[in-house]
Amino acid sequence: MIGLLKRDLTLAIRAGGGFGLSLAFFLIFTTLVPFGVGPQTQILAEIAPGILWLGALLACLLSLDRIFQLDWEDGTLDLVATSPVPLEGLAAMKALAHWITTGLPLVAAAPVLGLLLNLPGPAYPWLMASLALGTPALSAIGTFGAALTVGIKRGGLLLSLLVLPLYIPTLIFGALCVARAATGQDATTPLVLVAGITAGALALLPFAAAAALRVNLR
Amino acid sequence: MSSLWEYANPRKFMATSAFLLPWTAGIAAVCLVTGLVWGFFFTPDDFRQGSTVKIIYVHVPAAIMAINAWFMMLVTSIIWVIRRHHVSVLAAKAAAPVGMVFTLIALATGALWGQPMWGTWWEWDPRLTSFLILFLFYLGYMALWEAIENPDSAADLTSVLCLVGSVFAVISRYALLFWNQGLHQGATLSLDREQNISNVYWYPLVITLAGFGFLFIALVLYRTRTEIRARRLKALIAQERMA
Amino acid sequence: MMPDLGTYSVPVLSSYAVSLGLLVAVVVASIWKARRVRARLEEVESRRGRAT
Amino acid sequence: MSLSVTDLACARGPAQILAGVTFSVAAGQALILRGPNGAGKTTLLRTLAGLTPPLAGTIEADPDAIAYAAHADGLKSALTVEENLAFWASVFGTHDPAPAIEAFNLAPLLHRRAGEMSAGQKRRLSLARLLVTGRPVWCLDEPTVSLDVENVARFAAAVKAHLAGGGSAVIATHIDLGLPEAATLDISRFVAKQIRADDPFADSFAEGAA
Amino acid sequence: MIGLLKRDLTLAIRAGGGFGLSLAFFLIFTTLVPFGVGPQTQILAEIAPGILWLGALLACLLSLDRIFQLDWEDGTLDLVATSPVPLEGLAAMKALAHWITTGLPLVAAAPVLGLLLNLPGPAYPWLMASLALGTPALSAIGTFGAALTVGIKRGGLLLSLLVLPLYIPTLIFGALCVARAATGQDATTPLVLVAGITAGALALLPFAAAAALRVNLR
Amino acid sequence: MSLSVTDLACARGPAQILAGVTFSVAAGQALILRGPNGAGKTTLLRTLAGLTPPLAGTIEADPDAIAYAAHADGLKSALTVEENLAFWASVFGTHDPAPAIEAFNLAPLLHRRAGEMSAGQKRRLSLARLLVTGRPVWCLDEPTVSLDVENVARFAAAVKAHLAGGGSAVIATHIDLGLPEAATLDISRFVAKQIRADDPFADSFAEGAA
């Protein structure tokens, strides 16, 4: 199973930039917001927590359809399915690889982007904590969605349609956590809830993803 | 010298750049040290900006060179597209990371300057914002180089990107002015010097500017040499694998 | 020797530090890459030299 | 390892394709599946490999004994030959790709990216994968497509060595593989295309009763 | 060339939903924003023009990497390149098909989503006009980006990195147009500028895209 | 239509693969390209089709006369057989797919989606595309891969009809096509793998001077 993870990371690094790209998307998204919304720092500071979380979520989303699609197209998925690796393990490794290439860099970069949007000072540690605890859930949910839509050409938009509603709870609590911290309120409760969602998603979704894969390979 | 285009031959370029490199690097070091030391230690504080005026000696040269670097990439890319001189496009590739670092310096020092002057790290001012966009263009250009395996295809595609990107960079600049009038300083370094900052600030600034310029030239020469070697390495490895 | 930077010492010093740091970083990165590429090229060239 | 199939019915999507497929392959034997285009060879092999559940009948073989090779190569074009093999070795928990490299003469291509190879070179790599799986029952779908004469011979030699080591193989093909001693099964006599028998909407609904 | 357009539209409708999906993304994005930013109507109304334009832009973005990728993978692009259809024509048709399946539905749906975000009344016609005039530029720019990255596996994020900076002027003028209309100012100038960008992009980018395709097929 | 090639040098990526390729195919003639895996058949055909510019030499044929068929099928799996053909007919400005359907017996599959066909059925469809192009010079890369005996015969008949109508064909293959009267060219004698001659980095640059 480590072989799967290693291969996915190698592929991510070799073909098309890997780690850097989700970061770049995150950066661009946060710079685009002021272009749309206007340059008033007051408003920007107010929407910053939501925008940062939304950016992280979209950066995750954009790389989802590649999780299984390429393996499916070139026949690798068929072959892995007939190998000793259980599909549950495959799904878990895929989610982990996705998180390492997407979620992890976002956590590290978020504070810099917070500056651009004038996020108030006390919110920074909470921003990082909530992203660190929340992005694994995004990857796990996304892997499940990717497993559902593997085999559908042009599945990208369908995938986002399926996955985004599932992302809503994570988004709400994550953004709430940062927003509370930004206005000096207590932010522990939403943080704990984010962690809870992540724990649940990690425990259950690999099984759902494997079931979906099995159906799609049939 | 028969023709300027001869330098597009890798061997000729290697020879010429080997000669030029120590000189440009030396001038860059001298100018940078003189200019920065002069600027940091021997200029008075501004009556309004206090000692923050010293930031000008890194901020302005970096900003100016960041733009010039993109301009140089544009020119060398066009040369590649039209005359297909390999060294030309490799020079563009070599310049991109340098330009990106200059952009980053301008952004960082600007942000550090903004905190005391405007009371905020970041302001969505057109000048600053267009720098952020320039930074994104550098990132995209470099990422495209990295993503493509075949060197000639990568050269062609990045050149097309550089051309189209330049057009859009200009439109963005205009769009930004329209979007927000901004806080940033106007031009200090116009030809008509009398109307601008006084000589005490002017001389060290010009020297650091020259320093940044020569540093850029030296780095581009040096990195282009590396790129040429890497390109040859790639060719040789391909040849070995074919055998 | 050190000029009096007044209340602005932090931004001024950190600007210089960041700038010099980044400049040194590109220079070092360039040298590092140059060395690596050069070493690998020499290795391959000498291998070829022997072969032919 | 032997493989034995009794009265198997195979489906593809909504349709049953084959019914009553019965054969057995003993250890050390190869079976060549023949049949015109669209007969159901790929369908049968996918069912044997456990990818599609059978509609009826039994497959007597450990699904973990079967190595499947499909029409598609299953290669990552960004990885080198060596990395592709190493990946499959790690997935199958085996460790030494050397015999596979040897058998298909991949040594000169070891550091080439899979995307930069010709069709036949890719096919060789994907066949080498079989040796890396270390599994005893090979189910191969047109393995020699795009191979030149020399490499078809390499493939035949690899199959023979595999059989000699107590393995077995089921191979679908339209062209000669150079395995004269293998048994042949023409699957066209099992073709039974119809709506799947387990589809409850297949019966007319006796509208009067509703 | 009409054949190309017809086929792309058929494929879009048949495989994975076509028209509906970019709309669905747009809808989900605009509903996610209040979850992230919080439900204060005041703020939402203020950021509505920007968010609507941003949503349209991201909906376009998400479907970009499929423009040439599938045709490239299954060999169709090679075959079209050897056909009598010039690659410039192909690029233009691809951009048109992308606009019909993505931009056009957005124009139609935007007013409904404006309601969700409390966009002020006078802005609606300007919202539709600016999207109708601006989204063709997004499709044309996106087609160019897709042509640059065809052949790069996992090119999706790289594509957004390349394309998003090019989208900035359109976004600024488009959102500015709506924002001005929302606050009762004159919005014609930005609208004219959006139209100008679109005209320029449509006139020039198919050529750049064809050049990039030629290089990638080589 | 005839095709004549003089002293052609072909490249793939950074590498020159073939040099000095010279042959000509008159109207009504077929030429079969042979050569081991990786020799450069695909490379040559791509160059003839105008996809890759040649490094040297001349190709005397209107690029608009050449119909190319690659290893990949170029089919859209979501479209039916009929729609796939209609698409190619519209791209090539021709209008009647009936002879193509006839020649490869696609009538029974006409409303099947391309994605729901077997490998050989897909291949038949992609060969039928050639007839729809209406172009006189066919450049085919292993056209009979996955075809059964009956369909290989159909293909041979289609080629013969095409030649009889004054067309010509260049066909790369490893297996017998049933075209005994066609000339054969073994391209292994043109193989000249090396760095592209136009690559200025091929010369060493006397590092000592640096």
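Letters are used for the chains, namely A, B, C, D, E and F, taken in the order the chains are written, and counting of residues starts over at 1 for each.
Heads up, the rule we're going with is that a residue touches a chain if its C-beta (ideal position, glycine included) is under 8 Å from a C-beta of that chain, and two chains touch if they have at least 3 such contacts.
Bear in mind the structure is a predicted one, so any value in this text is a computation, not a measurement.
Visitor: Going by the contact rule set out at the top, which chains touch both chain A and chain C?
Guide: B
Visitor: Quick one: compare the interface residues of chain A with those of chain E and tell me same or different, with half as the dividing line.
Guide: same
Visitor: Taking mean CA positions as centres, which chain lies farthest from chain B?
Guide: Result for the farthest chain: D.
Visitor: How many degrees of rotation carry the C-alpha atoms of chain D onto those of chain F, rounded to the nearest 5?
Guide: For the C-alpha superposition of chain D onto chain F, the angle is 180 degrees.
Visitor: So using the touch definition from the top, which pair is joined by more C-beta contacts, B-E or A-B?
Guide: B-E
Visitor: Using mean CA coordinates as chain centres, what's the gap between chain C and chain D in Å?
Guide: 54
Visitor: I'd like the Å distance between the centres of chain B and chain C, where a centre is the mean of that chain's Cα atoms.
Guide: 16
Visitor: Centroid of chain C to centroid of chain E, CA atoms only: how many Å?
Guide: 41
Visitor: Nearest whole angstrom, what separates the Cα centre of chain A from the Cα centre of chain E?
Guide: Centre-to-centre distance between chain A and chain E: 23 Å.
Visitor: What residues in chain D touch two or more of the other chains?
Guide: 71, 77-78, 116
Visitor: Chain B: which residues touch two or more other chains?
Guide: 133, 136, 139-140, 143, 147, 149, 179, 225, 232, 236
Visitor: Which residues belonging to chain A are in contact with no fewer than two other chains?
Guide: 11, 15-17, 21, 24, 28, 35, 38, 73, 153
Visitor: Which stretch or stretches of chain A touch chain D in the complex?
Guide: Residue list for chain A touching chain D: 2-4, 6-7, 10-11, 14-15, 73-76, 78-85, 217-218.
Visitor: State the interface residues of chain D toward chain F in the complex, per the touch definition above.
Guide: 12-13, 35-39, 41-42, 71, 116-121, 123-124, 142, 145-151, 174-175
Visitor: Touching chain F in the complex: which residues of chain B?
Guide: Residues 9-11, 14-15, 18, 86, 149-152, 225, 228, 231-232, 234-236, 238-239, 242-243 of chain B touch chain F in their complex.
Visitor: Of all residues in chain F, which touch chain E in the complex?
Guide: 46, 49-53, 63-64, 66-79, 83, 86-93, 129, 133
Visitor: Hey, which residues of chain F end up touching chain B in the complex?
Guide: 13-15, 193-195, 199-207, 209-210
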